[in-house]
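Chain nomenclature is as follows: A, B, C, D, E, F, G and H, assigned in order of appearance, with residue numbering initiated at 1 for each chain independently.
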Amino acid sequence: KRQGSPEVIFGEGKTSTQIIDISRAMITKKEDILVTRVNKEKVEEIRRELPEFQYHEIANLLFMKNTKDTVSSKGYIAIVCAGTSDLAVAEEAALTAEAYGIEVRRFYDVGVAGIHRLFAHIDEIRQATVSVVIAGMEGALPSVVGGLVSHPIIAVPTSVGYGANFQGLSALLTMLNSCASGISVVNIDNGFGGAYNAVLIHRLANNSK
Amino acid sequence: KRQGSPEVIFGEGKTSTQIIDISRAMITKKEDILVTRVNKEKVEEIRRELPEFQYHEIANLLFMKNTKDTVSSKGYIAIVCAGTSDLAVAEEAALTAEAYGIEVRRFYDVGVAGIHRLFAHIDEIRQATVSVVIAGMEGALPSVVGGLVSHPIIAVPTSVGYGANFQGLSALLTMLNSCASGISVVNIDNGFGGAYNAVLIHRLANNSK
Amino acid sequence: KRQGSPEVIFGEGKTSTQIIDISRAMITKKEDILVTRVNKEKVEEIRRELPEFQYHEIANLLFMKNTKDTVSSKGYIAIVCAGTSDLAVAEEAALTAEAYGIEVRRFYDVGVAGIHRLFAHIDEIRQATVSVVIAGMEGALPSVVGGLVSHPIIAVPTSVGYGANFQGLSALLTMLNSCASGISVVNIDNGFGGAYNAVLIHRLANNSK
Amino acid sequence: KRQGSPEVIFGEGKTSTQIIDISRAMITKKEDILVTRVNKEKVEEIRRELPEFQYHEIANLLFMKNTKDTVSSKGYIAIVCAGTSDLAVAEEAALTAEAYGIEVRRFYDVGVAGIHRLFAHIDEIRQATVSVVIAGMEGALPSVVGGLVSHPIIAVPTSVGYGANFQGLSALLTMLNSCASGISVVNIDNGFGGAYNAVLIHRLANNSK
Amino acid sequence: KRQGSPEVIFGEGKTSTQIIDISRAMITKKEDILVTRVNKEKVEEIRRELPEFQYHEIANLLFMKNTKDTVSSKGYIAIVCAGTSDLAVAEEAALTAEAYGIEVRRFYDVGVAGIHRLFAHIDEIRQATVSVVIAGMEGALPSVVGGLVSHPIIAVPTSVGYGANFQGLSALLTMLNSCASGISVVNIDNGFGGAYNAVLIHRLANNSK
Amino acid sequence: KRQGSPEVIFGEGKTSTQIIDISRAMITKKEDILVTRVNKEKVEEIRRELPEFQYHEIANLLFMKNTKDTVSSKGYIAIVCAGTSDLAVAEEAALTAEAYGIEVRRFYDVGVAGIHRLFAHIDEIRQATVSVVIAGMEGALPSVVGGLVSHPIIAVPTSVGYGANFQGLSALLTMLNSCASGISVVNIDNGFGGAYNAVLIHRLANNSK
Amino acid sequence: KRQGSPEVIFGEGKTSTQIIDISRAMITKKEDILVTRVNKEKVEEIRRELPEFQYHEIANLLFMKNTKDTVSSKGYIAIVCAGTSDLAVAEEAALTAEAYGIEVRRFYDVGVAGIHRLFAHIDEIRQATVSVVIAGMEGALPSVVGGLVSHPIIAVPTSVGYGANFQGLSALLTMLNSCASGISVVNIDNGFGGAYNAVLIHRLANNSK
Amino acid sequence: KRQGSPEVIFGEGKTSTQIIDISRAMITKKEDILVTRVNKEKVEEIRRELPEFQYHEIANLLFMKNTKDTVSSKGYIAIVCAGTSDLAVAEEAALTAEAYGIEVRRFYDVGVAGIHRLFAHIDEIRQATVSVVIAGMEGALPSVVGGLVSHPIIAVPTSVGYGANFQGLSALLTMLNSCASGISVVNIDNGFGGAYNAVLIHRLANNSK
């Protein structure tokens, strides 16, 4: 098992008991463990048995470090979103990338309706290896960021919004139809997937050294 | 009939003969005439009978001025779009507003993927009474403009694009879910309707003087 | 900050603590505050800390006036809907416009299935600067009103209904396809957005004096 | 075979030869024949063989009377629509009902955006046994008529319009969600079906004498 | 107010208090009252104040008879469905028709997958004035009944089923596309509407005597 | 290569040249060849080179027998549909099964709206090993047949119809939601696929001898 | 009643009392009983009265054996799925087939993203008479299995997943569009239906002996 | 302008004249030019003026090299698809990457229904920097490849197929819901976009040296 590569458990649709059992097997093998999409109730049951798990409530995510050394990589991944409502997905992305041992910089208040805030940070975003851009409602942020940076962008639509957002369909279609190049898209609310793709790209940029 | 208020004929689904007949009745009443959504073939047949019609090919639109004086209003309507592909809808909007006797300023190369071009013109857009913002594909432009100006925006989604644009659904949903305030939306490709709403608002701003 | 321009907080997806914190910052700056889409539980927690908030239960809305003088504008906005079921959205619209210091007249029993009630009020609606017309189920009201008045109409579809209303899609499509001109549309259940557009238009009509 | 009950051939997807063959069999049996959804090319081929067929171009419909006497029924069916664009469907309905030997009255210029024209005719519509109300775009007409008359209404959505009308889906959903009672709906563009239901009802009203 | 014509209150989205108030006004006017779509909790609160209401739990419906005489009409309406799962909608239809003073015959075990049961009753169904045919899942029953009877059929799709039934869309589309003539359709789960259309038709058949 | 197992070429999206080349390779290997979804133009070009191909126009299908002996199997597959409009798909199914050397019986006039015709043939359908049931519009036929036979049914929805059939979606959903057991479904208009599944089942029934 | 053919009760939308009553009638007739889609609460009430029912919690299924002898058939049905999340549907399928007296082999850890696990078992799957392949999310498993085995496959899409899985629509469409032949599809989450089709096919393979 | 970075013209919706004009401007600036989505007619008109353009018919693409030197990068991009039908999109991707000066390896016969062909090439695919995986119909290929390689995959759904593929929606949803990690998705038929993302990633892997 490669360092800085946690085993990932998709928590949704698994019982606490199942998660505990899988985790124990991994602890034996001394692997880092990342559990996504766990709710509060499950977390309590799991941590009663395995208190070593750190819980990140806002991202519904558990993490346990069982390897010793940290990986060191050059550069960072930018996690970009518009504000409080997309925070859960953004943090799922950010914490995932960190679990893989990569530096993350958060840009969490830069929506298209207040574009000056994006400009205030655009240079720091530009210097990232790759950006994960998260947006709900109209989902326009990746297009705007994509026009301003030249590295790859992983766009994550969220289900945030109401009415004609149709649970994230609106943001998903927006991102797929982006007229900026260099944008690819993952499933609605899939912060983990957005980050995982970014991790693969970040490693390529580093490994080739 | 109020000056600067052409009678409007929706050309789609009408035969040349029907359009000619309706037009003649209006000529008698000395009214300006605007015909939208006519194709080239119909135009030839119509102009053979009524050569006074000016034809705007890119917008599929015929116009005939039968009133003498021009209305004068203060200020202008901004018509904003990203480029060549949305031109037909943008010109339908622009020519409609002009048919109503209102000054129009065109900003036709200002998409979200090259946002600096938008910024180069933003001050002139800001000074308009109202903006009609047209976009296909991801339809993000009204959100960005909406965050930068404080007057009302009429957003017009277009069917331009392919694949997951689903004939304009993508741009429509984007605009309805805009997180910028002050944006309302008309039907896909409805340049006429976008302009008509802007005309009503522009007049309110003028009449009240 | 312009008078009669409350700072608006979108309550959905924010915790009471977040809302309280943002509100406090605004109180310091002596701004009026409008919080939309708060539920009863949050309201109790918020008002325990900030009892100055007035609560409008039917519209799920909190308002606090921190500026002294009132703006005075000529004319009024008409809020038009069919009855009890659309009341929540209609009141969100009405209270929003009032929070911006504009007179509102409510026409709340005028659906298309009993059109004489609409006619009884049509003259008073006609004299408004702009109308916000709210409808669920088949969403036909804006088309009918649009044919009878010559000012701009902001149409707000609601999710009221069942079965083939598909949570407001039915009313949304109806309004986008209206054959009356002068109608533009906002998101499903977006009473705030409907009113906000009307406020911008109403101000234009006044400012130009 | 009951008098005034033509045999009906659905022309779409049948070759001219097939239609001719079926028709000949019916002529032998001395039955009236109604062929719907035939296009011009087929019509020419069919009438070369069977010139007795009357062709109604606007409705894409062929009719041949082979029975002698006419049925006489009391009262009439109202066919109601908004204008030129829905004419094809309206005429399919009107001619169908007439083929069944029932008096039809046409009200073809009464859309919701110009509701005074509807009121000018409402008394005559009210006295019909049953109404077939046809509408495209936003499809609001049946709701308005339904609120004004107390007999049953068969609503026929049409595919007329563009953009977010989604080929008639918009009008279909509007009609299914009507808040007026006494309205039932048939398939998009199904003028025949609308009339056929009206015929059955009209006969019930007569037979019971 | 015509005898046998209850005032109808659509209970969904109304509070018990609102329903009680409207009912009291009607009691004063000596009108029969039908309340549809009330749940158990509301019913208890309403009947505490107005114990004269009869409650039909399976149909979520309240009825109160305040007129004296009964209307008598010839013939009956057939209410046809496949079984236990569609019972709520079927009973909403049946009880509505009865509230209008019309005889109803129930055929509640006659789905398409066991077609012999339908045949066992088909003669009695045939002799009805009009049928209300209710079906969920694939919604095929109206097509089959429509092929066997010659009176009008009002088809009511239900949301019964799961997966690709998409909350009733499947049954709705089936019914709209029926290749049997003489079928018209109302909204998903709209037992009331199905019956109301049938009542209008039944009366026509009787009045003309 | 097993006898009675033609190599299948999916003709859509292949040029005549490509089809000719693939066919020649198979002729060398002495394999039977079935080409589906070829249009008339391609057929002419192909048969100019390979006149041994038999062309079945109604099914858009080419077949060439290059093996000598015929397979013999007990029993037959029933191909069931409602009439002329579904013929193309039905014949694609029937000819496919025959190309695999299996006896086919065609029941082509047995729709749900004239159910007595189905009953006239039901015994012969029942004795088939397996049925392929094809239907467009409301797609109800498989449900009715499924309730009457006890062998497996492969249901094939077709795109035949208009309006709310949404190019076959209506029939597809109907079949997936069938309340009769023993029905499974293939893609819209996929006569080949329907038959291929039936062939596999028919062989199982024979091989086990 | 044929041996090994339980009477099946669809538990959803039935009360415990209804299920108990139907069951008692069957016990009298000495039939095996299979109840699908019952939840825990109902199960408790039912087993209080009828403790002979065996409950399979993961599959929400009750079974009672009232016949004596067991049917014996040659061969087995393969139930194939990717893992824990699809277990409920897979077990509904497996237990259904077993209730019909047929041997089942479970292959529950063989998703497309870890295809070596599928290969480890492919020979044993190949020797099954028929496979039921269950998959949620992207639903690709039946295509891959279909390319590797030559017997019929019944594909069961599940609603497992989130976001753009649209409650199983994604997996459903994938399976309907499979480019492997020999795959037919049942409703989303319909484990029972998948197994029932497999049972019919398995019997054909056996009966013909 | 960076070497190996052609200026890209989106040909759809542009006239030949527009494309010629833009191209001439670029020739002056000595830039490489890539024109996508041009059809045969336009190509003829363009090459009459600018015969230096190489035309790739299958990909509807024009390319002109105006820079001298070639970029050299280590490694290659894998372009993976199932066969003839997806060729147009695959070649748009391959030629785009080559226009950017990057080595491409084509794997064009490796669909999921014949998975051994994929395995025959998997080692060479694994050694690519990044893969662009193209699939229509059920779109399962990226999931399978994703489970076998550890570099990033850009998935391109195509509109190839018919019926329930809904013009590429089926493949799009499949790819978005992939249970393999490391897959991100671009618009339906967007071969250019798939390649462009791969180019950015490939450069990162090289630049970091």
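Heads up, the rule we're going with is that a residue touches a chain if its C-beta (ideal position, glycine included) is under 8 Å from a C-beta of that chain, and two chains touch if they have at least 3 such contacts.
All values derive from a computational prediction rather than experimental measurement.
Visitor: Please identify each chain that touches subunit D as well as subunit G.
Guide: Expected: E, F.
Visitor: Identify the chain pair with more contacting C-beta pairs: B-C or E-G.
Guide: Result: the pair with more contacts is B-C.
Visitor: For the two copies subunit E and subunit D, is the contact made of the same residues on each side, with over half of the numbers shared, or of different residues?
Guide: same
Visitor: How many angstrom lie between the CA centroids of subunit G and subunit H, rounded to a whole number?
Guide: Each chain reduced to its C-alpha mean, subunit G and subunit H end up 42 Å apart.
Visitor: Roughly how many whole angstrom separate the Cα centroids of subunit A and subunit G?
Guide: Roughly 36 Å separates the two chain centres.
Visitor: What residues in subunit E touch two or more of the other chains?
Guide: Where subunit E meets two or more other chains at a single residue, that happens at 163-165, 169, 172, 176-177, 187-188.
Visitor: Chain pairs in touch?
Guide: Every pair of chains in contact is listed here: A-B, A-C, A-G, A-H, B-C, B-D, B-H, C-D, C-E, D-E, D-F, E-F, E-G, F-G, F-H, G-H.
Visitor: Give the list of subunit H residues in touch with subunit G in this complex.
Guide: 82, 111-115, 137-140, 143-144, 146-148, 161, 163-166, 169-171, 173-181
Visitor: Residues of subunit D touching subunit B in their complex?
Guide: 84-85, 160, 162-165
Visitor: Give every residue of subunit A touching subunit H within the complex, in rising order.
Guide: Touching subunit H from subunit A are residues 8, 74, 129-130, 150-152, 154, 172, 176-177, 181-188, 193, 196-197, 200-201, 204-209.
Visitor: Taking the touch rule as given, give the residues of subunit H at its contact with subunit B in the complex, in rising order.
Guide: 10, 12-14, 18, 157, 159, 167-169, 172, 187-190
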